[in-house]
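Labels for the chains are A, B, C and D, by order of writing; each one numbers its residues from 1.
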Amino acid sequence: MSYILNIEGVNKTFGGLHALTDIQLKIEKGTTHAIIGPNGAGKSTLLNCCIGRLIPDSGTVNFNGHNMIGMQPHDINHAGMVRVFQTPEIFPELTLLQNVIIPALAKRDGTFKFNPFRSLAKETELEDQAMAALADVGLEKYYDQHAGSISRGDKRRLELAMGLIQQPSLLLLDEPTAGMARHDTNKTIDLLKKIKERGMTKVIIEHDMHVVFSLADKISVLAQGCIIATGTPDEIRNSAKVKEAYLGESEDE
Amino acid sequence: MMKISLQNNAVVMLIFSAVVLTAPLWLAPIGADYPDLLQKFAIFGIFAIGFNILFGLTGYLSFGHAAFLGIGSYTAVWSFKLFTMNVLPAVILGTIMAGVFALAIGYISLRRSGIYFSILTLAFAQMSYSLAYSVLTPITNGETGLQLTMNDARVIDSLFGVEAEAGLPSTNLFGQVMSGYSGFYFCAVILIIGFYVSLKIFRSPFGLKLTAIKSNQTRMKYTGFNTRPYLLSAFVISGMYAGLAGALMSITDPLAGAERMQWTASGEVVLMTILGGVGTLIGPLLGVGIIKYFENIFSAMNPSALHEIFNFLPLWLENIVVGITRHFVGDGWHLTLGAMFMLVVIFLPGGVMEGITKLFNYIKKKLGLNRVDSEDHVSEGGDRK
Amino acid sequence: MDAILIQILNGLDKGGAYALIALGLTLTFGTLGVVNFAHGALFMLGAFCAVSVQQLLTLSKSVKDESITFFDAYKDQPYLEIWWGDTGTAIIDYAVPISILFAIPIMLLIGVAMERGLIKHFYKRSHAEQILVTFGFAIVVQEIIKAFYGANPIPTPAPDIVSGSAAIGAMLGLSESLVYPWWRLIYLLFAGVVIFAVFAFLKYTTFGMVVRAGMADRETVSLLGINVERRFTIVFGIATVVAGLAGVMYAPILPPDYHMGMDFLVLSFVVVVVGGMGSLGGAVAAGFLLGILQSFASMNEIKSIFPGIDQIIIYLVAVVILLVRPRGLMGREGVMED
Amino acid sequence: MSTKDKSKDESRRDFLKATAATGIAASSPMFFVKDAYAGSHNMPFRNNPGSAKSVKFGFNVPQSGAYADEGADELRAYKLAVKHLNGEGDGGMMNTMKPMSLKGNGILGKKVEYVTGDTQTKSDAARASAKRMIEKDGVLMITGGSSSGVAVAVQGLCQEMGVIFMAGLTHSNDTTGKDKRRYGFRHFFNAYMSGRALGPVLKKEMGTDRKAYHLTADYTWGWTQEESIKNTTEELGWQTTAAVKTPVGAGDFSQYITPILNSGADVLILNHYGKDMINSLTQAVQFGLRDKQVNGKQFEIVVPLFSRLMAQGAGDNIKGILGTTNWNWSLKDKGSQAFVKSFGAEYGFPPSQAAHTCYVQALLYANACEQAGTFYPPQVIKALEGFNFDGMGNGPTEYRAEDHQCFKDVLVVRGNQNPSSQFDLLEIVQEVPRSQVEYPASMFGGELGPYVV
């Protein structure tokens, strides 16, 4: 079995607080792996350790056979691991189309390319790609609006489009449907299912169990910085340990 | 699909060139059509355009760009002294030298962002100024400023048998003397080229990436961009524009002084850019026009000149008007400038450019043009918030 | 040895002045998030409070000056001297200390008016716009002062009793030649007291606690239902008073002129940034550090090794510190970094 | 027009002849070269008034920055001079100047007008302002300024443009030394003369066994003054303990003053001017330097270049301090009295030395035009060169032909201990005769350049 991401023995402390303790996690290629857990369990910290925003105190994050720890965020991106953030990280002053063209440019130009005399108006190919990505998430109508002016749900979808256009081999999604109406959530689930058919590996952090159980092939449960269970949706659904961790928490928070 | 570029570059350039080259004509009614001021408009225009590439696109506020202006000036004068009075080597060397310094200073300063970056650039510029003013006098001629002298080497000129004559030689472009109106046209042509380059940058993928860095630098990193080289390129480009402007200052007037590098000079270009409209193509040029006009024309008005201006009024009213306005011109011209900064930034946060845009929209609305169009835009943006 | 001792004293004195000037600036940064380019102008206004009080006290009756025969000239005799003789002269002598009493309410008023009328509207605007508007304000204030007082520096001496130097060396049993001007010692003491007062105020009063909480997270504090806005007005007023007091006390050292604020503006920014944006402790530490380093860099022995070092030392230190410590000596992450 | 333009270029630059093409300027439309070089006179020159009824002067003075008050006083003097030239007012020094060709009807029958500009005490701004006056307003002569850097910068520009420059307040040796220009004239004295004039007085007051400590503004003027004073004092037998450069506009000089206390020096020489001088002197006095006894002698402070306006800024600290000045209103000669009377009647207070110099400069230029019978600069320059005159405040004076430096008596002054009025700040110690401060024209090098540009 080939693992695209192999996290071994990752520890991270903030001051005296153990945010992550000896995390072991393997993600199979082509699967959708959900990570669930109560608030403050360390889910976002784990993702941050993967993409270079945080450096773990110890452990390795192996991606496609290479250790990502200590690498610059932009290099990790080009290695093929892309993250979609929980609070939408977009370019509010740019139009939706430009927001999506930027990651497309990153894919094409690499970490740095000095091309001040190339005309943006002639980049029709990138534009078409970007429009297609916007169409994927249903935002093509608003392509010339400023990203800062659209709704929060739309921002999430815009960011999803920004992640998708880079066609990463591993997409890390931090609560992709948070803040969306039920109708939009379903559309996003459909979209994510469609990507799965394209063979992209995904890691999803999610609270909404409806989303988790509709999408995930495997689920890991994180509580107080430790992974307490990993298994198929059915196994997790029936695990007593998991129920205990979730006691008192409403499922669709 | 014409989604990104709304305007045709050729049309923009045509209009721009026409406006710049006919400046002596349309500036005549406001008394700004004499060569020195025209040259200053063009030169500071280049400076501000370049500064806008850094500040307008990336949002990095440098408080030290006057250092590059000064370096360009000194290099140009040294080129006149050592090599030739022809201006081309001066222009090229001035620009390159400023670029080299910008690379070094930018490399260090860009390790920090925000106000820390501003203070780093300020510190470098102030050090350059202090040293140029005193310790480096052998190179800069200190407070007096670096000037041409009779016994300068001028290796290339003497090689070609250009004979020294009475008085100091003039800067020239293959024989055409670079003072007066010819100097202005030389600067104007370079301004047009500089504007074209800036237009290309604004409308290139590179420019888009710089804007994105300003909008959200963190996101750029996670999108796969190494932002530091982008910032450094923008810094060096704007530094070279400053060096070019500095070289042109020496070309139209071969004297380079240290005060060109002082923080107030850096502050001036910041103010010009903000006043005109940061990040817009034309805004910085408007800012240059306004500030230089105030500095040169308003500072020279005295009560008798005011009486001439207002003599169409009845005498008693004329006296009152002159009595009030005299505090805002002549030695009070700074007051007008300060008050204008405040008024513009309070009522037009996007600078003069925003005022012009608003005015255009208002006129359009009044005329009933594009009415549906523009309203549609606003409401849609607002609703979806 | 004496030379070093006196330069340390000198550095402390300079540092006190720098810290005092920078204190208000960093307070404005930290609490209001406003880059105040008019801070130098407020410092200058403080100095002109001293000038004004002195002129008020020396309001004079014009007496025909018989010594000038070419034209009708008048000389001034202060009313206070006419009325009260030597007592009046003594009161005039104490113009600077007296002006402190006047400066506090006046500067507070100016600060509150400025915050309500101008600064308030710029909390949410970009730093560039804050810079432009406060810079414009500074120019306007300067020009008004110039229109009333001219461009020449105006002598504002300290009271006679403290105009000379204190023989510190002799007092401490060290060298006789170790002397230092009384007024500068008073300034150092005064700076210490003001700095201490501001710190104590922020640390030990509930008002100060709210302000400090506001410095950390403005939104949370306003969610608690505390009227942050009004408190911030008062903070700006305090910053203005501190700047003004720094100016009043500086008047005998540097005869005030309308441009003196601009001369100190860059310096105070460097101090604040080296200390770390919005950090009060940082500003004080940086003030003393830069003061002492500047004093030592000006020693002939050091200048002969590095010519011109005294002119650039402050900037050089600023560059080095910012490269080693990204947010200055005590700056917090995320303040003024975008 | 374009041919005229070309002929000017040819007369100006030989080497351009070969290559001078009908470039941009030659193809420029008419309006671009409006009134430049056009005129009825036989020789073309810039801003020739031709048959116009009036001529314009350009008063280029600092209106902002540290010297704004000095600039304001200069401007007052200029306005007064224009009045007198046009035959208004009481005539001032027009009544005392000898020889005198002016008739009180303007110059050569043309009324005198003026434009003003702000130098900001910066070379760039001063040159921009001067260019505006020349290019836009068409002035015949530029005058004013309050620092040597500005004077040298504007003087160089005026040489290039072919317009005469009558320098205002500039004290550096360079102005009529290494940076002298054919089109530039200086009435003010210089650092060397200050040194020569001070020498004997210092010897008399402080003896020959002294140790001097210099604080010097770190730029060209400061250096030339330090050098000149040092030469003089060392000739007297004084030692120079140290000469320390201080940054311009330092504000607080304490770190430079403290080392003096232990240096063993007994005289402090402040080569500062303007705000720097006010601050350093005020602070030096605060440090108790003047109360000190060193080497058994009273510690003294000397400020080689004084002005009354600065003395006002320094307040009581100036009392008893020696220095030199170009002119003081308390002089009793007829010219000075006439000027002070006329100025005082107009403005209610006596003029400063800057005002005096500027007033005199305006009159001297006008007189030279009248004498030459033309505004053609080379002729006017020749009329000024070697011109001997009297009745303008400093006794018999000569504009030396070789370097355009005025030679006249220099005043050594002392801050008045008991001023009788608020203007009576300087007391004249000695009027040092001209012969004592003269020097050969070749001493400071430099070249004047051509008459025709």
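A few remarks follow.
Everything below uses one rule, namely that a contact is a pair of C-beta atoms (placed from the backbone, for glycine too) under 8 Å apart; a residue touches a chain by one contact, two chains touch by 3 or more.
A quick note: this is a predicted structure, and the numbers were derived from the prediction, not measured.
Put simply, the chain nearest the middle, going by average C-alpha positions, is B.
One finds 44 Å separating the Cα centroids of chain A and chain B.
Centroids built from CA atoms put chain C at 52 Å from chain A.
The geometric centre of chain B is 34 Å away from that of chain C, both derived from CA atoms. Of all residues in chain B, those that touch two or more other chains are 130, 134, 334.
For chain D, residues touching at least two other chains, in rising order: 64, 68, 72, 218, 245, 247.
Pairs of chains in mutual contact: A-B, B-C, B-D, C-D. Put simply, chain D touches chain B in their complex at residues 9, 12-16, 18-21, 23-25, 28, 31-33, 36, 63-64, 68, 71-72, 115-118, 122-125, 127-129, 131-133, 135-137, 148-149, 152-153, 156-157, 159-160, 174, 179, 218-221, 245, 247-248, 447, 449-450, 453. Across the interface of their complex, chain B is touched by residues 51, 53, 72-74, 77-78, 82-83, 85, 89-94, 97-98, 101-103, 105-107, 109-121, 123-124, 127-128, 131, 142-146, 149-151, 154, 162, 166 of chain A. Taken in their complex, chain B has these residues touching chain D: 24-25, 28, 31, 33-37, 40, 130, 133-134, 137, 141-145, 147, 150, 162-163, 165-170, 172-177, 179-182, 185-186, 249, 253, 255, 257, 259-260, 295-297, 299-300, 302, 305, 330-331, 333-334. By the touch criterion stated above, chain B contacts chain A in their complex at residues 1-5, 9, 197, 200-201, 203-209, 211-212, 214-216, 218-227, 229-230, 233, 237, 380-382, 384-385. Taken in their complex, chain B has these residues touching chain C: 55, 59, 61, 108, 111-116, 119-120, 122-124, 126-127, 130-131, 134-135, 217, 263-264, 267, 270-271, 274-275, 278, 327, 332, 334-335, 337-342, 344-346, 349.
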